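These are the structures in question, set out in turn.
The following pair of complexes shares a single chain, chain A, combined with chain B in the former and chain C in the latter.
Up next is the complex of A and B:
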């Protein structure tokens, strides 16, 4: 599935992650900035990819600026940004939680 | 070869530099021989010069060891002024042996390495761009990191033989009598610089404040000084220390601080005449505040406070809750000013403070110390040197030295952001777990199993959950996940000495 509009979720505060989704045609591409890239880069990408898969999004450009967020925060921000991008934020996808 | 904290040390480097692996925290009672500097005899009438160039020309030659102190911290002008002249003079292959390197020196050190001016470094620590530069293998010879006490030991042994010491001071007379208390850029205690003044072959003072002769009180004496150079400014007073010390409002730090206080107050050492050392971090300052109240409530006074001094500590001195402050450096202006006005605040040199090869150092008499950690592992080994990415970004400072106290408390949050503080193995061992007694986190404490006595006195305090350190490590991992292991090359970029001069760990080049 492709997204309907560019969307943003999260902040640049410590322990948060800011994620932006925009239309893409080349599968899920993730541009990640993180101070813990060396230790947790793969894990952050995995959480974002897995969460997007729950929304059946398979073509999207992801820009993520991580400030040391835990997995639960990354998942929450990804759900929020996915629903905004799909314009379904008024019908929360409870099964994704 | 492996040492006694299970660290693999590079045989080639160890053999080339004739190093022994770390074995024990026990110093024993060896007989040692101290060295003495050479003296170029003069009556002292011609010491005053106004050109750094002339002094460098007269004193510094290829291959020498030169030193500086770091009491001006990030307000230092002296280091960059002198190094500029030395680089421009085309001098090569120097060993740089400052008491430590602060951020304001980084660019100049990197330039000096690139120019071949500096080929060896020994320091308490390094941070920022210089730590990054060294961690990426840009200095051919490994940096030697030493604690403040170990540097004093190494100078007294002749392991560090300083040819020329360039020491900035906020006042001096024409023969070199100087202290750290009067003038514009004041920093209080000259503790670390006093080693250089006593043991360097040539001592050059730089000052922006020439006083009538004789200048007293003299911490550095005219008998030690070869040259006095007048410069326009030795430092920026606003950047020497933090200004007014503010107490933290961070609930996590306050929770840690109040727990540290509970640990101290319920330990066998909290009695009239006890002694303590705290650092300068937010939690450490808050501990001082809690401790003050506990001392008043229990009618207990301390015989001395030690180490790097802050205003909250000198406030306790002025209140009469501490009898003496033994002061090797001052972290803020309040502490520096207090040294001037209160004769009970005694300036001590680095040897008196912490040198293990001694007839008794202050740290040997210390009851309680509160120290920080970037990482602490399940063997209680502490890292204060390399960051979570493996890059050098810290300093040994007095960590190893003060950790010999009877009750050594590490105060640290369980995790910082996504980085666990309590880990299976620290990246770099700086202070061995044998020295550490209690870890305090915001979730609870862990007591070193070797301290059965403390298990008894601290094991059942109200509101202070006790965990094993393995449990705390697992708790941290459950929050942040398991990081991918850091990658290093085989190249050794630094060695960390233990305070007795053995090697406790090696730091390798990071792989990017």
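Up next is the complex of A and C:
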């Protein structure tokens, strides 16, 4: 599925992650900026990819700026940004939690 | 209101003074009205009654970002203020942002997801958001086997497209296999972007090896070269054009295999004169610079778009036939009233 609009969730504060989704043409591409990229880059990418998969989003550009977010935060921000991008934020996807 | 983000209303003289004093203490001292007038909104963080961080936005460009790190983790306030600016711009559906900053702060911005487009010894230009220079370059049409072709580039505002522009393009087209004509995207001229683009297309339609593309945010735009549109001291023009030239040299030219950039001499505009000098300093050896002398009419008048705009303002259309290709003349005849109306409403026609 493709997204409907560019969307953003999260902040650049410590322990948070800012995620932006925009229209993509080449599957899920993730541009990740993180101080712990070396240690946790793959894990961060996996959480984002898995969460997007629950929304059936398979064609999207992801830009993520991580400031040391835990997995649960990454997941929550990804859910928020996915719902905003799909314009379904008024129908929370409880099953995705 | 400790450490909360607040709107700073710079129209309030007291707020304005606090803001200027704070930025001055951080070494930002340029508060000329054409710089500050462009600001759409300004955010700040106070600790007690002391301003400790601020940032502004003008269109899609972040400006006047200053942060005091006394007593807090290095970078935390910077992240807060940049984050607040980004969210606010996103709410306004502005998804592609630029920042023009001192070189020493480039790393800080890269840390919050910006990518550097180019830097000089003093300054850097960075972008972030939902599109990037790579997306822009990917979308430009290419010809078969382009890497083995002789490719040239020309950047023009074409306000409007004259016989002078035409002469420059013809010259490049005759000496190369492919010529890219990049039309300045920023909409700050008498002829708007769509009109300028269309007139360049029509005026070069018979030249089969010319590809007309929009210059986007990367060539002579408000982001790369605001001085093109605003009166600015020479030194700053040099800073800005150096970055503009390096983006062309390091990002655009290699992606499209452009080996030569053609320039028209510019006897009338000081800013364009400096720009041309900087291009000659920065582009070679990667990109050769070819300067083509201004076309003159049969009676020796130099063909410039400035003269054309003046003729429109003065309603002296008879003089235009020698200066313009038929497509541009037709357009002006059909839209004369609306063009003159724009001038009356205050559109500056003496700049670029």
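For the reader, a short list of remarks on this structure follows.
Rule of thumb we're sticking to: the second predicted complex is superposed on the first by the 97 of 97 C-alpha atoms of A that agree within 3 Å, B and C clash if a C-alpha of one lies under 4 Å from a C-alpha of the other, contacts with A are read in each partner's own complex, and residues count from 1 in each chain.
Throughout what follows, a contact is a pair of C-beta atoms (placed from the backbone, for glycine too) under 8 Å apart; a residue touches a chain by one contact, two chains touch by 3 or more.
Remember, predicted model here, so these are calculated numbers, not experimental data.
Superposition note: with chain A as the common reference, chain B and chain C can be accommodated side by side. When the two structures are aligned on the shared chain, A:81 is found in touch with neither chain B nor chain C. Of the two partner chains placed around the shared chain by superposition, neither chain B nor chain C is touched by A:3. In the superposed model, A:11 lies in contact with chain C only, and not with chain B. Legend: residue contacts after superposition of the two complexes on their common chain; A:20 is shown touching chain C, with no touch to chain B. In the superposition on chain A, A:70 contacts chain B only, with no contact to chain C. In the overlay built on the shared chain, the residue A:60 is in contact with neither chain B nor chain C.
When both complexes are overlaid on chain A, the residue A:33 reaches chain C alone and has no touch with chain B. Legend: residue contacts after superposition of the two complexes on their common chain; A:52 is shown touching neither chain B nor chain C. Once both complexes are placed on a shared chain A, the shortest Cα to Cα gap between chain B and chain C comes to 8 Å. 14, 35, 67 are the residues of chain A that lie in the contact sets of both chain B and chain C, per the superposition on chain A. Those residues of chain A lying in contact with chain B across their complex are 14-15, 35-36, 38-43, 67-71. Listed in rising order, the residues of chain B touching chain A in the complex are 388-390, 416-419, 479-481, 483-484, 486-487. Residues 73, 76, 79-80, 82-83, 86-87, 90, 95, 110-113, 128-131 of chain C touch chain A in their complex.
Chain contact summary for the complex, chain A toward chain C: residues 6, 8, 11-14, 18, 20, 22-23, 33, 35, 61, 63-65, 67.
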